[in-house]
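Below you'll find the structures, each written out as structure tokens.
Next, two complexes with chain A in common: one pairs it with chain B, the other with chain C.
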Partner chain A sequence: MGSFMQRATGTLIIPVGVFAVVWTLATLDGASLFSSGDSLLILARATAVTMLTTMALAINLNSGRFDFSLGAMALASSTIGASVAINVGGGFPVMAAVTVLSGALLGAFSGFLYVTLRISPLVSSLGVTLLYEGLAFTITGGGNISFTQYPELVSFGKSLVAMTAVIIIALIGVYTVFDRSRFGSDYRSLITGQAAAVSAGVKEKGNAIKTYAVSGALMGVVGLIQASSKGLIEAGSINFSTIGIMFTAFLPMFVGGYIGRYSNDKLGYLLGALSMSVIGLGYSALKLTSAQQSLITALLLVVFLIFLSNEERVGRWWRKVKGGNRTPQQPSDTDAAQSVGTGAR
Partner chain B sequence: MRITRNAVAGTAATVGMTLALAACSSSAGTEASGSAAADGGDAVETVKMCALVSDVTSSEALAFRDYYTDYIASEFPVEFVYSDELTDAEAEKTAMEGFIANNCQAVISFASADRPTQLDMAEDAGIYYAVATGALSAEEYETFKDYEYYVGAIGPDAMTEFQAGYDMAQYFIGEGDTSFGIFGGGIPYYLEMHINRAAGMLTALAEDGTTSYGGATEMGDILGKIYADGTIKIQDFESDVYELTGYLETWDFDAAWQASMAEMIAADPDAILAVGTGNAILGSAVDGTDIQIGDIDAYTEDNLVAMENGTLGFLAGKFTSINGPIFAATLSAVQGEPYRTEDGSAFALSQGYWTATSAEEFQEIVDADNVESPVYDVDTLSPFVATGATYDEFADFVGKYTFADLVG
Partner chain C sequence: MHDLNPTDVNKETDVTVDTRDDAKTTATSTTKAETTTKADAKAASKARRGKLFADLAPLIGLAVLAIAFVLVGTSSGTNMGYAVETLINQSVIIIIIATGAIFIFAMGSFDISLGASTLVAAMVAGLVHNATGSLWLMLGAAILTAVATSLISATLAAVFNLPVFVTTVAMLSVLGAVAAALVQTTGGAQIRIDRAFSREYDTLAVKLIVAAVFLALCVFLFNYTRLGRVEKLVGGNPMTAKLTGVSMKLTAIAAFGIAGLGVGLGAFLTVLRTPTLTVTSASDIGMNILVAMVFGGMVISGGPRSRIYAAIIGGISMALLNQTMSIMLQGMAGGAGIAQMVRAVLFLAVVWLAASGFRTKVLPR
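Our next item is the complex of A and B:
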């Protein structure tokens, strides 16, 4: 794994580098990254949403399961939670509990369909996306759910403490479930060698369904945060409009994967999400238009993918520049083995 | 997760494919809404009328739809078929193809990404086409006004949109307000109505002698600058009297968008002038502050609550049954009596908004016009459906759209 310094450098170089660059650009422009009292809240909220989405995407993608229904699960679960809280009462605690539970059930159902139908997860998740968008549409009658008349339901998304707690709890929870439990051990063994794991008694279908359930629960929290911060749930479309949220997770996921070589991929997802949120604050501080923001974000993704695809070449160039000829620290065999495989299919 | 070239390439390919899938699917289906339920309709042929819509979620869009499918379809021999939410020109084209294949006899369009293509397709297919709550540009009108199957357009024209923004800013100026934030909505997408409304706001502010936007003080110059920039640059706003403390656009809700919103709220302007969806997007954020929102939206329950609690200070809204006359004209055309201007062209008629600045005015409007009891009811519309009415009579009917005209 390398020395502590190497691991610390590999883990922190991207978030610290991003912060330094964005902060410098903002300062040169005479702006501040934290110009309003809500800046920290926005940073924490954006980090929480992106981190949870990245984790929900990555835990299935690590097993080769591309899940397009993440956004639809967030939408449907928050629609169910908000509808119950508004119609039955109980305020935010009921909304939160129902939303997260609904997310887990929706995720488990998605996993059940996948293992039962035995079709490509890409195809089945597209169907599930429409199904869940349709569910939300049916519940709301095709309209929006507005919390204008229910201010008690929006306090969660406006609390810095709550957002920070979500980040910490989710990070510890996902780390524990996937890195420190029997379930996680089975999950990783399926990734590294499905046939061997099944021969050893691991139930791949049950593991896949549970993984989908965790993914759904994480997206339930995302739906909860978004609903309570926007004060609005838009549930009137059945046209794959919810797919977009997963694209916000790609760059943090790749960044997390890179950081994971030096520490832990879950921590990497957090730091990747934090980096993207800092960039978002930078966009605002620099007063970039939405078109400029989209362009820069796309460029960052492309540049990072080019870097990942040409890492060895970049390494050789860097060593040449430094004039040294030492062999760079490679990821450990264990790390590499953990991240290869197909998992439950 | 180990990142390999294959993983990177596979992900990039999948993202591309997904976007293509999403784009295609957005217009893949249509939903039949409403039914032919006219009294005694057994002997009358039911007209299949199809609606292209770019918005299916807002309260305004839902109210428009309910008016057609619940009220109109129960009073006239017509069946409505609605498209899915159409987000771009390609989606509109696909939906039009579906309508033509499904034997729609007329299309009422609420979608404006590519109206020329819609018009050409309708003309080629020989089905009537009408524009609701909108207008063609002057150039487009000159191009298409002689199309046989183009019925016409009724809705706020560019000047009406400009006036709505202007009136909003004037209202808050009249209240003594001097510091403003602006929510520009779809300006970066070159949404014409939003650009015109924002230009109206800035023009109202620029009537003060010390105030200008990028050096411009006149409507045309301000419009030109917004079109050139594709946004509003608050650093280009100069005034000794007024202050533009923040600007927000689009509906991204990402970190950058939220930070810009927080900055605009933190600047504590007297009012935020929104080109649309102001209360829905910003209502929760300004709750508990003294900031008032000016909005151009719809007469919904949420907006009423916001006006009651003081969050919403000004609302210009299309009333629920505003699309009654364009329906009447389209049905009349299908039944053989299209309205044409004196020179034989399709019509282009303007209608504006009803305005409320208090909860009492708001309630008065809601009581006067709703799906169950619209101002454009069957008795009002029937005289203009294939009854021999002239264009001038129809234009006069459409032109009397104000609250005072219709409600008294």
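Our next item is the complex of A and C:
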């Protein structure tokens, strides 16, 4: 029971703490976090987008593969999906199916390039980013795709039920694929011992391509949500202008890694994304400018990383303050900050 | 392909032991050993050729692109003098910043905030110029701001044991916010310096002098001083570097300081070239620096294969490619998208060739 309490506390302390702090600050300022009727929808949509992006980033980064092309995959897949739905018809089901399938194929192609060229995944993803941004630009001739006149295409991103369903389905799907399947076992063995796993017969190339495909499919869903909620795709984004979305996933990824020590990292990504979305609602409630929001988010990232990288020191200091000499149980996982390799120190 | 590896050495050792048994075995084993030695020598020679080709790949790419640029330019009746000037204008800032950044990348570190740092330094320089009217104070402000920014990242990472890359991700957001705040100080959406003043100094001579002085300093530091050797040692094997008494923190701070100097000079030239700065100015510089370095043969994991000339080769190659594609796709709808896809394919091809002599059995990470 004590163990359960420890795990529950470790899992929930960040999201509950974040909600408490943000709610208190908003209340002190005389504002409300859920002031408008759309607040819950905004929270669910932001959580879905952030969680999917975080998962897409983390599943490759956990294997030391840094991927700059996440935003480009979301852009290219949604451009393809919307173009097909507008020109061929079929409404939202066609747009959704084509977007997610395109995302998976673009992801698989990215993985195929990586395993075929055998170059650094970071470098490979730079080329892929240029390629997919160029593809989206070429499809539309550099213009935007607007489909606000098609109500069936924009209803998905404006539905609380749909966003909640996306979160639940994606969480269960990613958990099943990576934690409850043969593929997931191979994936984890490659993370912990690449050379040993390959020697033991794990098919590294196939595993990498499938991981990229899942990452691409997740970004396809992100592209679908963004396109559907805005009714617009800015397909003229070139020169690496799509990489920004990746940076929103770092803090939830580290939070997810921390929570994963006590429960499961996939659940951690959801709770990390939820925490970030609550902070986003707080920014709106407190009427902070975008510059102030960027600054605070960056400081939160730095402070959380400092905590993760110096956890042992903080623990020693805390024990000293308490005057006890009992050695607390250390989490078995590696430090979240260290466990995600970037291919660079 | 047969590479030299510990297994081969063991095989040869086993053969040596067998030869003590009897003369027949000795003869057979000696033949086997000779065959193995010949095969190994052949494999080693092949590997050497592969590595030489890999080292030359970026230069071959540059030569091919230069020929394509001249052929396409002359056949389409382009004013080549003007095209070359545009080429220098496009590449010089990237080359300067990327050359400084090689000191960071050689250590196996990664700074993604260089573009944002360039923007903030350029904005501060612009504000200082507007307040004082001095060129030198403007230059000093650009350098000081960029070096300070760079050192903050290095110090944060060194003092708190943070992964450098993630620290620079946070700096990217911080600098974006600082840029937005700086713009707000003018009460508008931009920082503008006197266009006549900027035109006076936005000349090829100024750019080439700044680039030549900084590149000479970097080449000297990287190739002929202990600092350069230590940077490569840290990138190649950080544990060995630590055990040989190298101060990782000081080395990192020195690398970030030099990169900051490059960013400062790049920011100075940016504000002369683009006298009206907004929060989106220089937004693509950060990633283009990375592309230029890799295109020029820089190894992203750093170490002994790091080359200070990579940024120069890569920067010029990218500018040549951009110019050639601009001429070829002039007026075509979606031409910029096609140009970017061609750029991606060539980038991947050159990187693939440059890595051809250094493949491992497992996938690179």
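Everything that follows uses one rule, which is that the second predicted complex is superposed on the first by the 330 of 345 C-alpha atoms of A that agree within 3 Å, B and C clash if a C-alpha of one lies under 4 Å from a C-alpha of the other, contacts with A are read in each partner's own complex, and residues count from 1 in each chain.
Here is the rule we use: a residue touches a chain if its C-beta (ideal position, glycine included) is under 8 Å from a C-beta of that chain, and two chains touch if they have at least 3 such contacts.
On a predicted model such as this, the values are computed, not experimentally measured, just so you know.
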*Room on chain A for both chain B and chain C (clash or fit)*: clash
*A:234 contacts which: chain B (first), chain C (second), both, neither?*
first
*asked:* Just to be sure I read the superposition right, which of the two partners does A:38 touch: chain B = first, chain C = second, or both, or neither?
replied: first
*Can A:247 be said to touch chain B (first), chain C (second), both, or neither?*
both
*For A:126, select first, second, both or neither according to whether it touches chain B, chain C, the two together, or no partner.*
both
*Once the structures are superposed on A, label A:291 by its partner contacts, choosing first (chain B), second (chain C), both or neither.*
both
*State whether A:142 touches chain B only (first), chain C only (second), both chains, or neither.*
both
*Would you sort A:67 into first (chain B), second (chain C), both or neither based on which partner it touches?*
neither
*Please work out whether A:208 is in contact with chain B alone, chain C alone, both, or neither, and reply first, second, both or neither.*
second
*Now for A:46: first (chain B), second (chain C), both, or neither, which partner does it touch?*
first
*List the residues of chain A that touch chain B in one complex and chain C in the other.*
68, 122, 126, 142, 238-241, 243, 247, 250, 289-291, 305, 309, 338
*If you look only at chain C, which of its residues touch chain A in the complex?*
105, 107-110, 156, 160-167, 169-174, 176-178, 180-181, 184, 238, 283-284, 286-288, 290-291, 294, 300-302, 333-334, 336-341, 343-345, 347-348, 351-352, 355, 359-365
*chain B-facing residues of chain A, complex*: 35-39, 41-43, 45-46, 58, 61-62, 66, 68, 122, 126, 142-144, 146-149, 151, 154, 226, 229-232, 234-241, 243, 247-248, 250, 253-254, 256-258, 260, 265, 276-277, 279-285, 287-291, 293, 305, 308-309, 331, 335-336, 338-340
*Residue ranges of chain A in contact with chain C within the complex*: 63-65, 68, 113-115, 117-124, 126-131, 133-142, 194-195, 198, 204-205, 208, 238-241, 243, 247, 250, 289-292, 294-295, 297-299, 301-302, 305-306, 309-310, 337-338, 341-345
_Contact set on chain B toward chain A in their complex_ = 1-3, 5, 8-9, 11-12, 14-15, 18, 21-22, 25-27, 56-59, 62, 84-85, 87, 188, 230-231, 235, 249-250, 252-260, 262-263, 265-266, 279-281, 283-284, 287, 301-302, 305-306
